[in-house]
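For reference, the structure is listed below as structure tokens.
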């Protein structure tokens, strides 16, 4: 991206000049932009393929300038795997909502992670099913009122929310898992860094990377955009603490393979030389 | 169960007087018996419903004396949920292989666990797809040779095994998760205790319980029954350490609800009174 | 002099830029309705803009360009 | 006196009981073939059985009864 | 009798299911059936029933399988892509002879397709809802009143024949409001001695299962099930005939498209064309007898559908070459207009001299 | 030309797919197709290709979707219950116009059913492999040689028409060994300018998608696709006619059951009955023309299938009442015997005076 | 004498056109007529447009989808542009002139403009522009009796929002009297 | 003169009947005949029985599933009991008498017994009872030329197991000469 010296901030080139279809003030728009900025920053638009499964961001195949594939609800990690196995030198990301990633797509999520697929997952945790009009998500908070938890999420019947970063961090294939948010310019900058780092880990073959973005759905939560960020800060952040949940490089390993081997040091078969 | 004074050990009544269909020396047979013994010990045969999904133990619906439901591959936790929601005062267990529970059924597994369904899952980790003739399982070890990893499981393409107890223990719905094995009389006794405890937690409404049994498949591993236990001890136990991974009561809580509330103490919505 | 340009084609009048501008110099233009029916953001006092890009960082519709 | 009874209807001759019996008093009866084609287990020295139930605990086919 | 109320089709399905004794609903959100689940979420807790949002359609249908196996009245609901995901589970329900009710509020396909009304899952519903030799009873309501009536009836049929029953609706019927008189609460239910609900030490253990490793056993079972299917075909065909007594042109249309066809038929009658409408209500069993009865006067048939031509096969199979059978339809969520259908009728009438 | 080798049908499918240029296989174990995956697991690493055991059939078909979207030749394989799980994914392939090959080595159903050979997924394959207005090209080989030939051909057809293609085999064909001459390695492939494989800053971005929120757009696309289907129907019907020139009784059978029917037909000919066999190889498009050509001599048709009667509908739709069409079959994994089929032929001949 | 009405109500999501449509349908229910109400649905919630079709008749209703409305209640420019050409000859259009700057008047259609949104703000009836519009529509096409319309209002306002009844009545009157 | 053979080979899993069948099929391949080989499949691996059907012919083979074998090679009692009644008139049965204590002799069928398992143990050919049986079958029904049979053996024994070739030849000879 050619940077003009008098421009401090402009639309990233990896976003096409089209209006997005998100509601006013929806965090999806911010995160879409951050992904595009990362693509620009790394200069990888021509070799990036994005996967847009069903959810409010489904039409993002129209927004990104890189090649895009629309995927079935929950199956983005499988689709991304198919793509990456054909094009191991390309960059593949999926951009998934909480319903998509953590409910219907849980098996695909866990397995892409444990396989250590060299893909980057951008995970928008807005504690709701946005696109279908505000049903309970796997990440909806206890007592949260939604269309399908009209009396507040009752954990005794609807169960507990899933903390995705915590869950996936137990898997050997995960190189990098961080939870961020985008409620302030400062946090937006942090989120951007995390996304760029995730792409870099993919490019360097370190392993699977996921960035969970604690986000908002003003429309279905029934708040203004500002009010939504408020509610999110008050209620979601205590439940979904921000931070790095796994970073194999920070842990001192080259990649997931080194880290996993160290964890399984006691197993003779794992450490059998020659067969690998 | 009427115990005759001169009998030190006999077939549990919850096992019907039929031959099981397992290969000679297969650990499935031992674990089937332990489940039946637990049912006898707790006197719950009449109000127990077992779920047998696809896998070598599929025909166990013929072995158990309690009511049984055969389930689709991987879907036992969903079927168990359906049953338990209708019959909350009954005892529901599923008996699942590693392919069933941790591969195709991963979404159902994670979600039944996070919902805190009051069911007991008996999970046979034999590092292979037994019934279909020895394909790689989600728990097959790195470098393990199987029909579909003929050159040894290559973690760079087939990914890493999943440690199920570790994974599920991150979820609030899990009351009790323990990994046991059945390679020696002593371990068999421990396994039996664990299974009984899991049923008790269910009956007491503490939450979801899972007992992972590190097991063998002499036929598809290509060992004698004794040799299989050897290989298992040498290679699987270092990878899948035995022990209790979660026990909310041992952690000092009455049930999963108390434990989860404590974990989310900082979230105002969670601690909102009155709505629950 | 730094300043921002709001592209009304993109702007949905969500007001996030308004609330994060440390200078308090953005407002929604209630006198205007865009094609999609929104009141777009506008800079009220160009002279005060520091070019901090806070507004642009928060804009979900990528409607803001910040220039020096 | 403790002893075990092996029900040949169930026994598949896997030999797990043989290898765990601390008294070493179980063997597979090579002279016999069950209906399913297995050599069933049998107690070789009733007098040595301690009734420890180790064999029964390991039997996957629930073929063993231990009596006192 | 209850009073007439104004309700969305999706809500009428939900309320009527509850009145039919359904206390266990397992679903997963999808447009255009979300109101059904939302309604259940509100009402079930008040009925001491269970509304559970499953993790997926696959999980939902298997929860239904579990609940049905205990003998409870249970239901799930989805729309086209979600129904495809239930295919294996539905086949299991059939294989294990379990009663349950499945709602498909169809939308345009294939793939993610669109969310506008469609009837393009006709073949799937009537012939291949999953693998194996299997069928379900399929009802196609065409008013909100029928949404209520047939979901209610579906539970009885499911129990009686031990079969899953599908309500094949569409986005239009699901979303629209009409006045509806809701059925009375059902209080008496059939016994289910086969249910796996805990034997309480009072009977041998029950097993719910669809696995038969011996081919002969499986064949025997399938043949027995097809005997039940034969009985269903004999006794459960449902349809409405409108102006068919002297009809030379017989329009065949179901569900939403039947409403449009009806307007067109009326208009054509006003213009002197002898045209009638057969509206299949049971799509499986297909109302062969109703069509057969029109054969005396009919010179041609016209199947009107919101798809690329599916039910027309069933019409052809009944007519079996005795008369021409034509098709008119729209796909992808486009709703045919009465005028379009009228033109088709007029053209066909001209062609066959009716 | 390659030499004749002895191979299982499942292995021939695998080897021939590799020779057709397939380098991306995604599957999940299920009897009776496990040898296919095992073969791929052995061979793919040596071909620099990918064998990946997916976490489920659902994941496998979506991996295929991803690989196909990049323009690669890719395949998945399963058996009946596993195919049902792929229904949504296959509908997405259709909706996004993606070429791919899907193998169904059928077993008895419904539900878990059995593992013996069956043809009871005919309807699913030909009419409703998922929701929406959709079709796939379906081939039914009946020898191990044809397993090799048609999977090879399938990749070309898939690429040419941008459609998924299914090989509908069964446990018998998958498990049996026969001599087979394997096809040459394919070296030239069609261009795929639509593929999402990274635009390399050389073209506008490509999008692979099946979502069309505007009903008109979706309808337009479906109609375009059905125009392609019309072309496929016109040019891709495949079948084998055996002793049909003067046949008064025409047996119609595909795949494994066609082998048995052939023996019965030969025997009946020896006994002086003028009987022939039409063996549909393309099940969709159904070889209507081949059947039409027998109409001059035929007095009756007999559909022989390993199910409760499915293809017989397609025979009836072609024959359209002009001649009687009967059905004989076994289900649940039971394989009909030549003698049984012979008796059916004899009876039918007597009935219609052939 | 009751007659058939095929009405479209259209505007932005949030303007309350679906609710206004439901009031008409409820009026039909109270008068025991044949009726249908069909919303547009889909991702419209996201700031897009929303509309519904309402039919009242004395015969069973065929297609509930109104393609040639004999009445159009319209509250924004995009909807006006989309539907104005579909109005049947002799039809009636009620347009919110606050929200629709560019109003065209097709031949053979009566277009009534009313600054409903502005009126609602002026009369402290924020959010009730839809009801003002409905009042105007009622005045022009008389789709039910006045008592019925009031009864419909009572029926459609949920029990715990009964304090909104009076403002709604005021809004209705405002539209009727405009 | 070549003739048609429809053979069933049956025994316990692990006795090698599928391999013996494959040898016959390979012989057919070498002699360029029409042939098929079809195993029973399923959860038989678990200690159950295994069998396969092999057809050799000069015409395309219809059903590869042999229902009335003209030759039966059988290595355990359950399989003997299951298949003996299906053997065609004039058919040949080779039965391993070590494994099949109860042998019946139907009318019009030639039953040859051979203690193959015992022979294999006595001659240090453990695990090759199946090949001994095959030798006997070859002697009785002559399904290919002797050179072909040897060539089939060479072809079917994998490269890295060539040390097994000689023992196999010995086993074959043992059966042929019994």
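Each chain gets a letter, A, B, C, D, E, F, G and H, in the order it is written, and its residues are counted from 1.
As a working rule, contacts are C-beta pairs under 8 Å (C-beta built on N, C-alpha and C of every residue); 3 or more make two chains touch, one makes a residue touch a chain.
Just so it is clear, the model here is predicted, and its values are computed rather than measured.
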{"item": "Distance in touch steps, counted as few as possible, from chain D out to chain E", "value": "2"}
{"item": "Of A-F and B-F, pair with higher C-beta contact tally", "value": "A-F"}
{"item": "Distance from chain G to chain E - Cα centre to Cα centre, in angstrom", "value": "34"}
{"item": "Euclidean distance of C-alpha centroids - chain A vs chain C, Å", "value": "28"}
{"item": "Inter-centroid spacing, chain E versus chain B (mean Cα positions, whole Å)", "value": "39"}
{"item": "Residues of chain F whose C-beta touches two or more other chains", "value": "31, 50, 52, 55-56, 58, 81, 88, 92, 96, 111-112, 115-116, 209-211, 213, 335"}
{"item": "Interface hub residues of chain G, defined as touching at least two other chains", "value": "42-43, 47"}
{"item": "Chain D: positions in contact with at least two other chains", "value": "12, 36, 38"}
{"item": "Chain H residues within the chain F interface of the complex", "value": "22, 25-26, 28-29, 32, 35-39, 41-42, 60-65, 67"}
{"item": "Of chain A, residues touching chain B in the complex", "value": "103-107, 110-111, 114-117, 138, 141-144, 151-152, 154-156, 158-163, 166-167, 170-173, 234-236, 238-239, 256-257, 260, 264, 266-270, 272, 275-276"}
{"item": "Partner chain A, residues of chain C touching it in the complex", "value": "2, 9-10, 12-16, 19-20, 36, 38, 51-54, 56-62, 64-68"}
{"item": "Residue ranges of chain E in contact with chain B within the complex", "value": "24, 26, 50, 52, 54-56, 58-60, 62-70, 72, 74, 88-89, 92, 96, 196-202, 205-211"}
{"item": "Chain A-touching residues of chain E, taken from the complex the two chains share", "value": "28-31, 34, 37-38, 41-42, 45, 50-53, 55-57, 81, 111-112"}
